[in-house]
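Structures incoming, each one as C-alpha cells.
Look for subunit A in each of the two complexes below; its partner is subunit B in the first and subunit C in the second.
Entry: the complex of A and B
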C-alpha cells in the first residue's frame, strides 16, 4: 500500500511536469504561428535536431554533458538552499586548470595526463568556490553576491590566460593554442562521437543522488535545507556544511570546464562558458535539485536549445524565441506545481 | 440580548486521501456563547474550523451564516463575514513589532490608519486585560505574549465569530486564567466563540455548549450543565484508556533508594540572551541519575536558554556544566547528543521538525551518525525505517507510512515525532522542554510514563514545563526559575501549588523550610 502511495505521488508529479511541458510547447507553437512559420515543421525540427542522425546525436551530447554537470554544481548546494550562481566562474577556472596542467606538464603520457587534467580542473573549480565559501563561513556573506562577483573576476582571468604566453596568435580571438593530444579525452565511439565525458556526466548525477539521499552527510545537507535551525539544534553543523556544499559544487563545475577543454574545444577560449550557467539554473530548479530529475530536465532543455538553433538556421526563427520557450517552460512547470499543491 | 445563531455548518465531510477526517459533522455557533470543540488529537477539531475559516474546502456539506448559505473559499472570505481564527501555531512576522503585526493587512489602499488603530488596540487590550508591549519585536516576546498579539490582531478586525485553536496549550496557569476571563467577556459582549481544546477542565470552566468529536464524528453534544468531567473524557476517548497519570496527583515523597549518582551538575552557569542581558544568571543545579528534576517558571524566564546551554546549542557565558564529570561547555551539540543526551525542544515547529523530510528521517535526526543507523558513510535505511516504525507504533503517530513527509502532520503528531526522536534509545540524560505541549490526554500520559521509564532506566531527567500539574505528577524535585535565577527547590511530598506559584512570581523560597 505504501508503494502505491509513493507511486501515486510520483505519477502526480510526472503529470504535473507533462502539463507544464505541454503548455510551454503549445505556447511555442502559437508563437511560431504568429510569426507566420510552419508550426509542424518547427515541432519536428525540435526532435530531429537532437536525435535525427548520428551527427545530431553528437551535437546533443556536446551540449548535454556540460549542462548536466553545471546543473549538478547548482543542485548540490541547493539542497540546503544555497544558490551557487558562481558555477559559471568555477567552470571557467576548471578550464583554466585544464590548460595549465596541459601546458605545464605537456610531456606526460595519456594514462597520467587525463586523470591529472580532470583532478586539476575539479580542484581549480573548488578553489574558486572556496572564497565565497570562506566568506560565508566566517562572515555570513550571501553566497549569491560573492559567487557572482567571482564570476566577473574569472572572465578577466580567462582573458589574461588566453592572451598570455600560451595564446594562439593566429586565432583572431582570445584563445590559447591546442593542448597536447595526450590530454584529449579518449573517444569511445566515433559516430555518433562519444568520449569519456558522457560516461562521467552520466555517472555524476547517480553519484550525486547517492550522496544526497543515501549518505549521512547528504542527510545532514537535506536536514539543513528543510529546517536549518532544527538541524542545528540536533547537532548538524550547517555553518560548515553550507560552505562545503559550495566547494563540492565548484569542483563539479570545474570538472565540466576541464572536460569542455579536453573533450571539445581542446583549448581555452574566451566566452566558452556560453549560456550554460543560466540554463543550468533553470534545469536544476525544474528538477527541484534532485540529481535524477536533473538528468531528465537537462535532456529536455538541451533538446529545446538544439531545436531552437535548428529552427533558427532552417526556418529563420529568431533565437530569442528559444529563450522565451525556456522561460515559459520553467514558469509553466512551477505554476503546474503550485496548482497541484493547491488541489490537495 | 436574544441569542442569535451566527453560523450553522451542516453535514460537513472532508477527506484527505483515504482518511475521512470529517464524517458529516453538524456544528453551530451562537452569539454570546462559548462553544467548546472538544476532542483528541486528530479528531478533526481543527479541520472543521479550517473549513469554516476557508483554509480547507469541504467535500460535502453546507455553511450558513446568519441563515444564508455562503461559500467560504479563502480566509479573506471568512474575514469578510467577520469570522476570525487564532491558530495554534502563531502566524506572526517575527521581525515586526507587535503593533506592526496587528496593522498588517488592515491598510486601505496605501494608507494605514495607524493612530486610530493604535487607540483601538490599546482600548481592546485594556478592556480584556490582554496587556502586551506593542513596540517590542515579536521575536523578543515570550510565547504567552505572542498569543496575546495574535488575539489582539483578530479582535482589531471586529469579528462576530472568534475561533481559538488550543489557545491555552502554551500558557501558564495565570496567563490561562487571564485568557479565559477575556474569552468570557468577549462572549458577554455578543461574540460567538469557538474554543478548540482537549483539556476537559477548561471546558468545564468556560464553555456554554460542548461538541465532542471523536475520529471525525460528533461523539456528543452537551450543555455544560448536563456534563461532567468523567463523561467528557469517556466521549473523547470513545470509552477506552487507563486512568491517566496526571489524575493520580503529585508524586509521593521519595524513598532513599531514589538517590543516584549525580548526572548533570551546573555550577554558577550564566547564559546570555543574545541581547546583552543574561537570560540565566549564576544557576547552580544538580540532577541525579534516576531522578526527574522539574523546572517551573513563567515562559521566558531563562528556561529555553538553560536547555540550549546544556545542549551546547547556545554557549554558556560562564560557569561549568558537567555530565558524569565531563565538561559539556567545550563540546558541540553533536558530541553532547552522542554522549546519550536526549532533547525535546520547546518550539517544535522552529527547532524540531524537518517538514519536507520523511517521518523516519525526522525520528533519526541527531543520531544519523550513530553506528545503529549508518556505517561511516552511508545511511542504514532499513534500520532507520525499523526504528521509526517502532516510534510510530509506540507513540501512535497517525500516518500511513514512515516514508510520509512530516510536514503534513498535525501539531500533536509532530510533537510525538520529537518524543519518539528523544526516546529512540535509553538516554543517559534527557532535557525535555514542554514535552506534552499540545498533546491529548492519552498521549500526555504516555509521554509522562516514558519520562518515568527513562528515569527508572537510570537517566537523569530535566523536565522544563509550564504545566504545574504535570511537574508535580512526575518530578522528584521542582526548582523554580525567575528572571534566570533559581528561586528555590521543593522536594516531592511537600509540593504546594501556592508556594511554587509565589516563587514563579519572583519570591525567593524561605530558607527555614525543609
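Entry: the complex of A and C
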C-alpha cells in the first residue's frame, strides 16, 4: 500500500516533467514558426545535436561538466532554501585560484600539481562564498543580494588578473598565458575527448546525494530546510548550517572554475563563465535541488544548449531562443506541478 | 576644481534616475508583499524594447519608453500570476523570469537588428534647463539642468509617497504587505492589491530599464544593466521601503558608481578594475549596516493562502 503510494507519487512527478518539457518544446515550435523557419528541422537539430558522433559527444562533455558542478553549487544551499546566485563569482575565483597556483608553483610535477590546483580552486571558491556566509550568519543579510554583488566584484578581479603580469600580450582579449602543462587535467579518452573533469563532475552529485540524504548532517540540513524553527527546537544549529551550505556550494563552484581552466581553456579568460550561472539556476530549480535529479536536468539542458548552437549554425536561428525556452521550461514545470497537486 | 565637483554631482544626479525608478518599483510592489528579484533581467528586456521601439519609430523616445514600460508591466503580471494565483515561491519565479527576460532582450535585438558592423543609434535624452532655477550657482547645473526623466523620477517618488501615506488605497496597500490575513478579514481584496503592486512595480522597473539606452549609450548592449537591477534591491532595503529615503539613497548609490568612473579620469594610483568595484563594495557595506536594523514589510515575499492555517 505504502509502496504503491510512493510509486503513484513518482509517476505523477514524472508526468509533470513530461508536460513541462512538451509545453516548452511546443513554445519552441511556435517561435520557430513565427521566425519562418522549418519547425521539423529545428526539432531534429535541437534534440540530436549532442549525439551521433564522437565530436558531438566531446562538445556535450565540455558544456555538461561545468553546468553539472555549477548546478550542484546552487542545489546544496537550496536544501536550506538559500539561493547561491553567487556561484558565478565563486566559479571565477576558482579559475583565479587555479592560474595562481599554476604560475606561482610552475615547476611542480603533475602528480602534485593537479591535486594542488583542484584544492586551490575549491578553496578560492569557498573563500568567495565566505563573505556572504558571514554576512548571513552575523547580520542575516539576504544571500541573494550579497552573493550577486560578489559576482560583479569578481568580474573586475578577473579582468585585473588577466591584464596583469601573467597576461598574454598577443591575445586580442584579456586573458593569461597558458598554464604549465603539468597542471592540465589528465586526458582519459581522446575520441570522444574526455578528461578527469567528467569523472569528478559525475562523482560530485553522487557524493552530495549521499551527504544530503544519508548522513547525519545532511538530515539536519533537510530538517532545517523544511522547518527551521522545529529543527532549532530539536537542537539543530540552523543558524550555522545555512552559511556553511553556501561555503560548500562555493567550493564546488570554485572547483568547476578550476577545472574549466585546467581541462578546457588552459588559461584564465575574461568572460569564461559564459552563461553557466543562469543555466545552473534553471537546472537546479527544475530538479528541486535533488543532486541526482540535477544530473538528469543538466543532461537535458546541455542537449538543448548544443541544439540551440546547431540551429544557429545550420538555420540561422538566434541562439537566444533556447535561453528563453529553458526559462519557460522551469515555469511550465512549476505550473504543471501546481495543477497536478490541485487535481489530487 | 569646483567645476569638477559640480560636474561630478551633475552626472551623479543623472545616473541616479534608474536607481530612483527601480527603487520606487521595488517599494510599490514590496509594500503589497511582492519581492521583485527579476530586475536585472527585466531592466534589460525593457532597455531592449525601448531601444527597438525608439529606433523603429524613427527616434520617438516616448514610444520607446512606453514599450519599455509595457515590457516591464508584462513581466510584473507574469510574476503576479505565478506568485499570487499559483502561489509559487517568489524567489524561484523571480529568478526564472530573470533568465527569461535576459533571453527575450537579446532575442528581440537579434531578430530586429541582428549582427551588424555599426550598431544603430537612437537619440539620447537632452538636458532641460529650467529658467531662473538653472542659473543658481552650483545647485542650478546639478539639479535644474537635468533631462526630463530625472524630474519625472522625483515627481513619481513624491506621488508614490503620497499614495502610500496619504490615501485610503495606500493604507490598504500597506496592510496587505504587512499582514494579508488581517487585511483579508477587513474586506480588502488581497490578490487584486498584490496584482496591482506587481504590475505597477513592473511598469516602473521597465521605465528604469528604458532609461539606460536613452541616457548612457544610445544603443543596446547585453551588459547595459551591469548590476543595477541588484543594487536597487539593496537600495530599497537601505531606504526601508519608504519612497523618500529610497529617492535620496539613490543619489548615494549613483555617486558610488560615478566615483569609479571619475577615479579613472583623475588618474588615481589605483588599478581601474578596483575603482569599478567600488559601487558593489559600497553596496555590500551598506547592506551590512542596513540589515542590522532593517524593517521589512511583515508579509513580504510570503504568499498568502486563505485556506492555509499557518501564516
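What we mean here is this: the second predicted complex is superposed on the first by the 343 of 344 C-alpha atoms of A that agree within 3 Å, B and C clash if a C-alpha of one lies under 4 Å from a C-alpha of the other, contacts with A are read in each partner's own complex, and residues count from 1 in each chain.
Quick note on the criterion: a contact is a pair of C-beta atoms (placed from the backbone, for glycine too) under 8 Å apart; a residue touches a chain by one contact, two chains touch by 3 or more.
A quick note: this is a predicted structure, and the numbers were derived from the prediction, not measured.
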When the two structures are overlaid on chain A, which partner does A:330 contact: first (subunit B), second (subunit C), both, or neither? second
Please work out whether A:181 is in contact with subunit B alone, subunit C alone, both, or neither, and reply first, second, both or neither. neither
Give one of first, second, both or neither to describe whether A:214 is in contact with subunit B, with subunit C, with both, or with none. first
Under the stated touch criterion, which partner chain does A:191 make contact with: subunit B (first), subunit C (second), both, or neither? neither
If touched residues of subunit A are counted for subunit B and for subunit C, the larger one: C
Regarding the shared-chain residue A:38, is it in contact with subunit B (first), subunit C (second), both, or neither? neither
Contacts for A:83 in the overlay, against subunit B (first) and subunit C (second): which applies, first, second, both or neither? second
For A:55, is the partner it touches subunit B (first), subunit C (second), both, or none of the two (neither)? neither
Taking the superposition as given, does A:232 touch the first partner, subunit B, the second, subunit C, both, or neither? first
Could you tell me which stretches of subunit A are touched by subunit B in one complex and by subunit C in the other? none
Footprint of subunit C on subunit A - complex, ascending: 35, 83, 85, 131, 135, 139-142, 144-146, 148-150, 152-153, 156-157, 159-160, 163, 278, 281-282, 285, 318-321, 323-324, 326-328, 330-331, 334-335, 338
Once bound in the complex, which stretches of subunit B touch subunit A? 16-17, 308, 311, 313, 332-338, 343, 345, 350-357, 361, 365-366, 368-369, 374, 376-379, 381, 400-401, 403-404, 421
Quick one: which bits of subunit C touch subunit A in the complex? Just the residue numbers, please. 37, 40, 82, 86-88, 91-93, 95-100, 102-104, 106-107, 110-111, 226-227, 230-231, 233-234, 237, 271, 273-274, 276-277, 280-281, 283-284, 287-288, 291-292
Touching subunit B in the complex: which residues of subunit A? 1-2, 5-6, 214-217, 219-220, 222-223, 225-227, 229-237, 344
